[in-house]
Amino acid sequence: MFRETLIGAWSLLVGMKVTLSHILRAPVTSQYPRERIEMSKAYRNVIRLIEIEEIGSHDCIDCQACVRVCPSDCINVEGERPDGMRKKRATLFEVEFALCSECGLCLDVCPTNTLGYSREYDQAGFRRDDFLYDLLDEWRDKEEGVRTRLREEEAQKAATKAAAASKVTAARKAKDEAAAKEEGPAAAGDAGNSAAEGEA
Amino acid sequence: MSDPTDYAFFGALLIIGAALGIAPVVAPLFLAPRSTGAKTHDTYECGVDTEGGAWMRFDISYYLFALIFVVFEVDVLYILPVALVFGDGQYAWRDLIELSLFIGILFLAIIYAWRKGVLHWRAA
Amino acid sequence: MTQTPEAATAAQTTEELLQQVRPLVHLDSLENLLNQARANSLWPLTFGLACCAIEMMAVGASRFDLDRIGAGVFRPSARQADVMILAGTISRKMGPVIKTLWDQMPAPKWAIAMGGCTIDGGPFKYPGQYAIIEGADKIIPVDVYVPGCPPRPEALFAGILKLAEKIKAGRKGPEIAA
Amino acid sequence: MTAPHATTQFFHTFDNPWIAIAAATGALLGFITINALWLIWLERKVSARMQRRYGPTEVGPFGLLQTLADVVKLVGKELITPDHVHRPLYLIAPILAFAPLAALLSLLPIDADWVFHDFDITLVLLLAFSGLNVIAIFAAGWGSNNKYALLGAVRAVAQNISYEIPLLLAVIPIVLMTRSLSLHEIASAQSYPFILVQPLAFIIYFISATAETNRAPFDIPEAESELIAGFHTEYSGMRFGVFFLAEFTNMVIVCAVATLLFLGGWKGPLLPGFVWFFIKVYGLIAVMMVFRWTFPRLRFDQLMTFAWAILVPLALVNLLVTIVVLKL
Amino acid sequence: MELGVQYLFVALVLVGGGMAALSRHVLYNIVGLGISLFGMAGLFLQLGSPFVAAMQLLIYLGGITVAIVFAMMLSIAMTLDPPTRTPVKTGFAAVAALTFGVGLHGLIGTASFAAAPPAPTDAWAVAHIGSALLERYNLVFETLSVVLLLAIIGAILIARPDRRGDAA
Amino acid sequence: MNLESFLLLSLVLFSLGLFAVLAHRNLIAVLIGVELMMNAASLNLMAFNRFSVTDPVTGQVFVLIIIGLAAAEVAIFLSIILNLYRTRRTIDAEQLTELKG
Amino acid sequence: MMRPKSTMELVPGDDETYYLNMGPQHPSTHGVLRLRLHLEGERILGAEPVIGYGHRAHEKMAENRDYLQFLPNTSRIDYLSGMIYNLGYCQAIEKAMQIEVPERAEYIRVICAELNRLTSHLLWLGTYLLDLGGFTPFLYAFDDREKLLDILDSVTGSRLTYCYGRFGGVSMDVDDTFLRAAADYCTYFRKRLDEYHALVTHNIIFRHRTKGVGVMGPELALDYGVSGPCLRAAGVARDLRKDEPYGIYDRFAFDIVTAEGGDCFARHMVRMGEMEQSLNIIEQAVGGIPDGPVLAPKVPKRIRPPAGEHYFAVESARGHFGMYLRSDGTDVPVRLKLRTPSFVHVATMPVVLPGTMLADTVAILGSIDIVIPEIDR
């Protein structure tokens, strides 16, 4: 009995040694509101549209692939085909962050890879609808310029295409295929169809 | 006999202590808002309604401990005045024997309780 | 169940919404002082519902250390808590329990809805879902919402700071979208 | 033996008792508040450092105002008196817990000639009034009429009374050695700290005192993980705050008594007496804090068994040895 | 002031005693007993013996009352509605108590007590109690410890449930 | 206050105790009555001790002894109550009499 | 097989029945479990777990979504070992559809799953100590867990509810930094384990609180279908990773940690031992990871497992996690039944708890390590 007590007392001292030794070590606390930390590369938060270089803006073509794959049904995309363009452009891209499960499926299916994650990590708001994000917000003012440029590019392309069209039909067919392939491999899941749809 | 005013002073402090205890409890009555929720004044029990009264029949061990305590406390308190004069008189050895007898008898009580398993809850 | 904030008519005062009565003595300067203290001493109720609760624990742990702003004193009894952090999915069975706990907290009290689930059902909202309450504000008045699934600990931290800011400004109750 | 009136007793420095009482009130109020504020801050800081965090930093410099904010907040917090409580008991319990402790503070001699007030039986008085603690706890638990509270209260009472015996038994050797029940005399009688000759008594005293103040690892009555908050489960706002204040005041008292009985009170080289006194007291409190933040808590029955089957026999043996040695 | 305090204690004793004796709820009986005991301790103090007063607090209030409370919790008495009183019994008790009180009061009235000069302050010191216990009353002292030992043994024997493990 | 008033007080207390012992059906309440009576006795002793004895020690010692005996008595009495309760499921004095035999 | 009568039956409704509710809001029921305890004194006569406070209709959800869309949900069933569930679900579908997973992905899966097991056990250790009243070990455990989460976060992007697996692999390749961090952590954590032993395992109070408490013998455990650390603590060496190796677990050398006694202390020891084994596995996996793709090249766009029944099980941090799938050949399951360990474990409470003391409840409940949504699904 008393032996046990002694061993017990010793074990308590050993425990205290451990905790006391930590007093001397530096705290591990990150001083959050004072220090901002960098999130990892893979970090997931609300989705956002990322800039695609050759376009100079996002490249959402309103293919609805992400809308369809999203398990939480939290994406709402609307788009239009701007006059004189073949590709569609999104006119509305809403994400209800409160519904999102940060699963990344939408990123996987996006044919143009224009979806990414926001780097934000400390959103908080006073209203429950504070988290309905309009992802096009940051792009809107650029949009007109982008469209004009895209239109020009497309027109140019069309011109080359038209030039090529005058050539043999076989050649045209081959070209069409190439164009389809361009979009194809990037898409997984059901994205394939919709990507083609967007193209059409 | 000690100066009763000393104790009066102590008593006054007791009352002051009570006042100090009351003051912060009274202030919120004026300062704090009050809730009017439907269940605000119900028993707190992890968020569900409580079943039956709070009263329960407790383990007999509680009582046994209380009992040993009472008896022990009396014993121990008898030692206190004795401790003040222990070994003072000319019969120092007698004092020693008396006191050790007393403590020895106390010990017997503990041993008895131990043997009876009173000190080990589960055995009860 | 009580009315949702949306259902609250203009006639309803904040007090009614919060189910609180104003204190007997009401001086602005005093109230200011109290609000400063309240904002700096938000004791949360130890209360987790699902996954988000783990992140709530993480906020209290060494890395984030909620105690720095005085909010690290988790009280297990509703009678001693100031803020209810709803962390996780609210099932229909849990709803009344939460309401009871909320009622049993002493005024002034606040609620933070942490995670998508408590804001509007989050990942668990789907057609045919029968088991959850889609949004904490359907049961109790929520002050601050923290989105994410789960929100990072920093986000909850930010939520608590936001709540503190709100208290300091003397605002009360849920803020209904204009 | 009479009261050591030789020393300047605080009370006797005033002619008018009313002024004395007013002064005492002020002093007590100041000490209790400042002590509690600083102790709670200390506790949070010590625990934080042990856990490699910072603890309060944002409110005031070094978070020093944190506890103040807590207290002010508590004052502005609603007091819920649930419908089902036994009102008289429920309402009086916090005051019962607090009042004796506040008065007891006045009995502690802080320095050789800085005695608030001293009787010839200070020690007994201290023990008697801190024994009343159980009644307050009981009133709280019973008055709350809540299962957790009642369970917590019963445990608290059982625990407190059990640890009172080893506590008393650990004090008696000192009484034997000094032939006095006055704290001031006992402390003055120590040409060397008694802990050197009575180490076992000191350990027993300290363990029992930790248990008496319901501090971890003996914090069963308020064991969060089982009983929510134990006997103060139903107490809200400042009523709970008063219990809290009482706990911290009690800590000071038991540690001060330990200092006076075993550590030589105010004695120490160089520094003035009262500084030594407070260093020792707060040192002991810091040890209590380290205990609290290191150990898991004992199960209730183990706790009782520990008191009766280990501490009491040990204390009795210690006492026997003491009287034999004193005689030889 | 002095007298006021004294009357305060007397009032405590009487109010507590009344509660203890007259209330029908056991809990209030106990609370009454507690109050009365506290007042009694005060009176002991007034009567010159702070030590006995402290003992009264320690043992009676901190010990005996607690034991009674625990016993009450073990028996179901608490939740039961206070049993109705049989008027006959109550009446009889009241009459008996009154007769006793009045009779004894008469007796006290007839007796005259020789007042002794108050003892010197010194004689009240606790140490004297100690030496009295060690010298004059040493047999009582030892016997008391045996009595207490027997009390423990007896109480444990009586109160402990049989080995069935049924904690009653 | 003089000796007589103390005696009177203790008399009242004793009568109250007597009443409790006789009137209460709950054994615990009866025990409380007994305690009141013992206290009345202690008070008497202390009063005599103060007012009509030259050496105040004896009275104090006797009160201490009374307290000690009270503790022993309470211990035994309560144990008996509990035992009765366990076997008979009641601590009502009247029912206990009825159950007898 | 011992079947407890419902506690309601056990007790005739006399006026002395005393019920105590633990939960749903209780600091140590780990979420929203509610235990209805029937007490006599401090002794527990009966215990009745009341579940459903965390019911979020996980299984129902599977019937409403296609296979891919259910994926993010898997990690929310048992949020403490979400990765294992997530990957397990992928493996189940892969098995049903006979998809080959690239080598590298298999290794990554093992590393991530074991890291996740570590986080889960660490969290258990912390909260268990919290239940027992030790606050500091809780924070140490959380601190170590944070370090793990940082590692996992760097590749999965989440801290808790991972959605990292994909049918046919994983969603993102790992880089050397990740591998190095994992290996470094192993070295670091071995040292920490010693500290935990000094602080917790050897602590006399801890031993007294857990030894001989809440004994779940091998028969009882097997009868009830207890699995995972709780089963191994009863001395039964069963571990799906060894017995029916899935993925590539057969390539690693590790032991099944068992302990004798089946009490809380044994469960503690098993978990501590398992952490060490996990470290072994991680080290081996990091050492042997090949290069290559992380996603199978030919995964059908629409997941349509062949009609019929499929079953697959993995060893989660809590035990045997089985998925029973009924498919009619479409891309939405007809039924997905999840066999979750905690559900079984909590079902043993009515037999394990009676006879113990109230204070043991938390020690026992904590030691079986439950996760509520996993019970309520």
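Every chain is named by a letter (A, B, C, D, E, F and G) in the order it is written, and numbering of its residues begins at 1.
Everything that follows uses one rule, which is that contacts are C-beta pairs under 8 Å (C-beta built on N, C-alpha and C of every residue); 3 or more make two chains touch, one makes a residue touch a chain.
Just so we're clear, the structure is a prediction, and the values are computed from it rather than from any experiment.
Colleague: Return the chains shared as contacts by chain D and chain F, ordered by label.
Modeller: The common neighbours are B, E.
Colleague: By mean C-alpha coordinates, which chain is most distant from chain F?
Modeller: If we average the C-alpha coordinates per chain, A ends up farthest from chain F.
Colleague: Hey, which pair has more contacts between C-betas, D-E or B-E?
Modeller: Of the two interfaces, D-E and B-E, more C-beta pairs touch across B-E.
Colleague: Starting from the mean Cα coordinates of chain A and chain B, work out the distance between those two points in Å.
Modeller: 66
Colleague: If you average the CA atoms of chain A and of chain E, how many Å lie between those two points?
Modeller: Each chain's C-alpha centroid was found; their separation is 80 Å.
Colleague: Averaging only over C-alpha atoms, locate the centres of chain C and chain D and give their separation in whole Å.
Modeller: Taking the mean C-alpha position of each chain, the two centres sit 36 Å apart.
Colleague: Which whole number of Å gives the spacing of the CA centres of chain C and chain G?
Modeller: About 30 Å separates the centre of chain C from that of chain G.
Colleague: If a residue has to touch 2 or more other chains to count, which residues of chain D qualify?
Modeller: 1-2, 48, 50-54, 57, 75-80, 119-120, 124-125, 147-148, 151, 154, 157-158, 161, 164, 179, 181, 224, 228, 233-234, 237, 293-295, 300-301, 309
Colleague: For chain F, which residues are shared contacts with two or more other chains?
Modeller: 56, 64, 67-68, 71-72, 74-75, 78-79, 82
Colleague: For chain E, write out the residues touching at least two other chains, lowest number first.
Modeller: 46, 48-51, 55, 58-59, 62-64, 66-67, 70-71, 73-76, 79, 118-119, 121, 123-124, 126-127, 129, 133, 144, 148, 151-152, 155-156, 159, 161, 167-168 - these are the residues of chain E that touch more than one other chain.
Colleague: Any idea which chain C residues touch chain D in the complex?
Modeller: Going by the criterion above, the answer is residues 33-34, 36-38, 40-41, 46, 61-62, 65, 67-70, 73, 75-77, 79-80, 82, 104, 106-108.
Colleague: Tell me, which parts of chain A touch chain G in their complex?
Modeller: By the definition above, chain A touches chain G via 4, 7-9, 11-12, 14-15, 17-19, 22, 28, 40-44, 69-71, 101-105, 108, 117, 188-192.
Colleague: Quick check on the complex: what are the chain A residues that touch chain D?
Modeller: Per the stated touch rule, the residues are 1-2, 5, 12, 15-16, 18-20, 22-23, 25-29, 31.
Colleague: Sort out for me which residues of chain D touch chain E in the complex.
Modeller: Per the stated touch rule, the residues are 1-2, 86, 89, 119-121, 124-125, 127-129, 131-132, 134-135, 138, 142, 154, 157-158, 161, 164, 179, 181.
Colleague: Using the touch definition from the top, list the residues of chain A that touch chain C in their complex.
Modeller: 27-33, 37, 45-46, 71-73, 96-102, 121-131
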